[in-house]
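So, here's a batch of structures to check.
Each of the next two complexes has chain A plus one other chain: chain B in the first, chain C in the second.
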Partner chain A sequence: MDSLGIVFAVLGVAVAAFLPGWGSAVGVGLAGQSASAAVSEEPTLFSKVLILQLLPGTQGIYGLLIAFLAMSSIGLIGSGGAYISLAKGIAYFGACLPIGVVGLISAISQARVSISSINLVAKRPDQFGKAMLFPAMVETYAILSLLVSLLAIIGVNSLQI
Partner chain B sequence: MAKLNMMRFQLCAMQKDRKRILEYLQVKEAAEAKSVEPAEAFGKIDVKAEHDAFLSNAEDIMKALAVLDQEAPREKPFLSFLQGRKAVPYSEIERIAEGAGKLLTSAQEALELKREMDAHKNEIQLFEAQLLLLDAWLKLPEPETFSGTKKTTAFIGSISGEHAPEGIRELLAAHFDGAESDRIHIDVVFSRPEQTNFYLIALRRDESAVEEALRKIGFSRPAAGDDDIPSARKEKLRKKIEDLNALIESNRKKLVAMAHLADDFEHLQDYYSMRAEKYAVLNQLALSKHAFVLEGYVLERDAQALKDELESHYAASFEAVPAFDDEEAPVCLENNSFTQALEGVLESYSMPGPGEFDPLPAMSAFYYLMFGIMFSDAGYGLIMAGVCGVCLWKFKNMDENWKKNLRMFFWCGVSTVFWGVVFSSYFGDVVNVVSNTFFGHEVGIPPLWFIPMNEPMRMLIFCLAIGLAQLTFGYVLKGARAIKAGLPLDAAWDAALPILLIYPLIIVLMGSDMFYGLASFKLDLSPSASQLLLAVSAACMIFIVLTAGRQSKSWFKRILKGAYGLYNILAGWLSDTLSYSRLLALGLATGVIASIMNQLGAMGGRNVFGVILFVVVFLAGQAINFGINVLGAYVHSNRLEYVEFFGKFYDGGGRKFAPFGVHTKYIKIEEAAKNG
Partner chain C sequence: MAEEKYIYAVTRIHINEQNLLTRRNLDAMISFESVSDCLSLLAGKGWDAKLAAGGDFEALINMEQEKTWALIAEAAGDVAELDVFRKTRDFHNLKAAIKLIFTAEPEAERKRYYLPYGAVPVSKIEKAAESLDFSMLPEDMAKAGKEAWEVLKDTGNGQLCEIAIDRASLEALAKAGEEAKSEIISKYCRLSVDSANVKAAARAAKLGKDRGFLERLIASGGNVDKGSLESAALAGVSEIVALLRRCGMAKGAQALEESTALFERWAGDEAIRLMQPMRTRISGIEPLAAFILARENEMRQVRLIASAKVNRLSEGVLKERLGLTYV
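Up next is the complex of A and B:
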């Protein structure tokens, strides 16, 4: 029973990697369609719409970051293989949840904003600064959850349970 | 170092000097024209048609250039887009102007040649499609339209499915009532699973019976065909394609022979855009029979020189007055290169509106600082600063916007190196990983201050402190703006009160046990000191409730609005400050991903294969991480400036000074180059 600790911890790793990765894949895909449409009209917009397309992609990276951090904390990569108690395993799982769930949802909503921003830039290329700002507003929440997951994992590492 | 003083000018001069004066102003690039309302005896001319014609000529030339570059590519040096425009004397413009008509004809010729080539290519495609269809009939010894002889009748066509002659005969036999199937001859010319092509010869007297049977098994005649046998037709099509290819080749040769015109085309395109720009100004003049009036804006520092020059050379009057209270006056900012590099970032938001000061000096220090903390890797910073620095040094003539952007990233890179050293991040932990994996004992570079990964709370508090500093600075600027506008009370209520409200609270917080839990240190406050601080803060809150709604007449409304204002200020301090936690998150993201890449690379162990694996993973991984994080640091530095910082004091809404000048792509006039 007590060996379930590592199972929960790995579940946490999976959640951190696959939920935001899923969201970003959907998001970058959606934004990419709009981006190609904009470039087909005006090829010089390429670099601008590329940045807008990539914005919903960061959640996947944040998720990867937490997943790697968790894996290296529980000894799946690098040195280690230390024993993880059930309580600690569940704590790692919990620590991975914020970036997992918020990463998924924020990537998709950010993609919607990115699409609108791409349309904005297609009509008014001079408004790129503002267009970039709208998706960045959504990203705030992904960053906040990344922060919580990050601090939580670092915190759990030093827990004596 | 700030917003430059703008003046409104009115220039009155003689019609006979008009061309030369406008050309002089264009080369000087010092005055922005605005439309003049014509007074009595003055009228306007409409040169929109000419203006559009110049633009469309410029576009033709641009297309012709693209054609030439496609057919006869010119050697372009590496990073040629950074080289900037070539400076030429004004006489070059005159030389191009003389030959403009001939050059334009050549350009149109080039476009026509290209159009023909495209048409030929389309035709070839059509013929190739026909050839493909024809392959299925090549073995047919007669034309597809052959219907038979006097005694026999021929059916040429296809049915679906793959069949041998015997199979077709059997299919047909099912539909004959007599011995017709013995009196027909079938030859298959093409047979594939999807379709069989064949010809069938029958006696004239069986014609209707055979036709009926064929109809029943789904026989259809070929769509194309003429009186030639297919193999002859194939030869003809081949010949046509050959001829077309020869035509295309000959057009290509003609285009290659025109390649030497490419440079002249570039100059001509610029000449036409210059003319178009001049005609746009012509539209805004007021003209009488002998005189014309031009109005617009000019920088104060250029006004006198312009006046002297114009009035001494021409019968002209040039009057300029300060444009302080002109709402429509454009804005021109000037700062040292460190600060001015951020103009693009500011412009993406908005140029300062009337009555606002230049926010660039205020935002620049924080911008570089925050970018550095988010990117925070000495290796990455060195690459960024190095690449930008070398480009700036090698291409001194580059376009102004490029120069600004590269300067911005140069300083961002410098800041990144600084913070990388402070937090000990060199491509993540490459020094530790390499020394440990390949040399057997771990060596690390100690941080100048601390390693954020090991002490994240300390880093978080540091980031929030930076946020608090920038936000406070924002309130101070808001107060300064109010004082400048002659409203010192507004400065007290809207800027001083929020600052006085929050700092006592922060000091009390820093004395609490909760703060000790986070930061492992706390201020030693006596209870009476805490109470005094809380009282100051409470007094500020009361004042804010009383003053934040002061626009409303009724006291009831005023208090309600005041309470809402207080809520906004408190919520603003909290959420805006917390927003700076992204400095920590993105900073750690850079370092952690870089370290993960190193760790992955080191998995091969201490052998030749391990070294190769490490080099490959290191290069690819660090490149990806560099790209992702430079994007993140740029976007979020902008966001913190735009939302958190500008939200406190800056509205924008100004328009950038756009003087009438030479806005070209390839060349610039030497004289203008000297001026600016």
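Up next is the complex of A and C:
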């Protein structure tokens, strides 16, 4: 039972790194199909559609950030070795969930909007600014979950449980 | 992730939709005095400039059809679900091949009777007809070929032979619609069967054809029941109009009341309306199907304008027959 705290904490790290990373890989892959189609018809669109393709990739970065912070907090990297109680381990796991779950869902949802925006830019390159805003709206929720996970991990660090 | 299929192909198709002819383009073509102005407009929309300069509309349309199927093949590969748009071509070619058995048409001349871009190679259809071994063709075509050949052999009546193949073609389309995973493609197939059935029934009603003829003529598989349509055709066009109203096709009925040409336009417009929402879809087979239909509609409209220019058809009549555009 003594070691279960660190097990839950590491599970939290895995959730933070794996789920948004998975969503981003799927999202960037889907948007990439649309982007390559746009470039095959109109090569000058490359830089514009590349940005739209990369937007669903940010969730993976947010997940990685939280995973590093959590690993640092539980002592897996840096100055390690501190004891993590079961309650604290579960708390770290819970703190990693927002970015894990929202990161996965928002990356795939954002990819769909990015594909629509790539179609829009391919038809009307002058509308790139507006086309960028639509997938950026989805990003809001990934950022909110990043903030919650970030604050929660900082909060758990200072808990005496 | 099934709904995320064909993303690459759909983006390419959406980009190519920009070159489709708009209503404004068609109106401009109608207003042009000369055919060469029309051809210049088409060249401006990406149609083959060399052929356009040559002034041969049919060669130009054939080239554009080839470009459509080449684009679909390049973007999406060989998609069996899109074969519904090639079925009528296959059956047309089967009809031509059977009829050509009796003619001493030179080899080089035979080509012009066949339509390109069917799902079954013309050479295979020709071989089946020449050897009278239709079993080498897909099942529905083999059955139709055998039936048409027997009718032709027994009666010598070319019209009955044509009717047998046309009916089989529609029934194959209806079957393909039933098997299609896409609801839009299913609806399109049923609408196409209804449209062809109603046009044929109206013509037969005007000619006072008997039930035996109607049974051979009308295909099953549409929204309008075959038996009901046959009975209505026996009673006259007004009864077909009433039947369409009962089947929820009030606007189609209204069009048929005026003329079969207007009914044909209504059916074409319905198909375009069915497909228009696909312009904003980002994946799936439906936007590809919509593009093929849009291109076919465009070819029909260009052909109509070209023939109107040659035959000096009035602008009003032409505009009435053109119908909707996809974009």
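One rule holds in what follows: the second predicted complex is superposed on the first by the 161 of 161 C-alpha atoms of A that agree within 3 Å, B and C clash if a C-alpha of one lies under 4 Å from a C-alpha of the other, contacts with A are read in each partner's own complex, and residues count from 1 in each chain.
Here is the rule we use: a contact is a pair of C-beta atoms (placed from the backbone, for glycine too) under 8 Å apart; a residue touches a chain by one contact, two chains touch by 3 or more.
The structure presented is a predicted model; accordingly, all values stated were derived computationally and were not measured.
Engineer: Put chain B and chain C onto chain A via the superposition and say whether they clash or fit.
Structural biologist: They fit side by side.
Engineer: Does the superposition put A:151 against chain B (first), chain C (second), both, or neither?
Structural biologist: Touch partner of A:151: chain B, not chain C.
Engineer: Tell me the contact category for A:118 with respect to chain B and chain C: first, second, both or neither.
Structural biologist: After superposing on A, A:118 lies in contact with chain C but is clear of chain B.
Engineer: Check the residue A:129 against both partner chains and state whether it touches chain B (first), chain C (second), both, or neither.
Structural biologist: first
Engineer: For A:51, using the defined touch cut-off, is the partner it touches chain B, chain C, both, or neither? Pick first, second, both or neither.
Structural biologist: first
Engineer: Quick check for you: in the superposed arrangement, does A:36 touch first (chain B), second (chain C), both or neither?
Structural biologist: A:36: touches chain C, not chain B.
Engineer: Regarding the shared-chain residue A:109, is it in contact with chain B (first), chain C (second), both, or neither?
Structural biologist: Once the two structures are laid over each other on A, A:109 reaches no partner at all.
Engineer: Tell me which partner A:61 touches in the superposition: chain B (first), chain C (second), both or neither.
Structural biologist: first
Engineer: Shortest C-alpha to C-alpha distance from chain B to chain C once the two structures are superposed, in angstrom?
Structural biologist: 9
Engineer: Under the stated contact criterion, what part of chain A meets chain C in this complex?
Structural biologist: My answer: residues 26, 30, 33-34, 36-38, 40-42, 112, 115-116, 118-119, 122-123.
Engineer: Which residues of chain A touch chain B once you look at their complex with the stated criterion?
Structural biologist: Residues of chain A touching chain B: 51, 54-55, 58, 61-62, 64-65, 68-69, 72, 77-78, 128-130, 132-133, 136-137, 139-140, 143-144, 146-147, 150-151, 154.
Engineer: Give the list of chain C residues in touch with chain A in this complex.
Structural biologist: For chain C paired with chain A, touching residues are 1, 4, 7-12, 14-18, 75, 280, 282-283.
Engineer: So in the complex, which bits of chain B are touching chain A?
Structural biologist: Residue positions touching the partner: 345, 347-349, 453, 456-457, 460, 578-579, 581-582, 584-586, 588-589, 592-593, 596, 599-600, 628, 631-632, 635-636, 638-639, 642-643.
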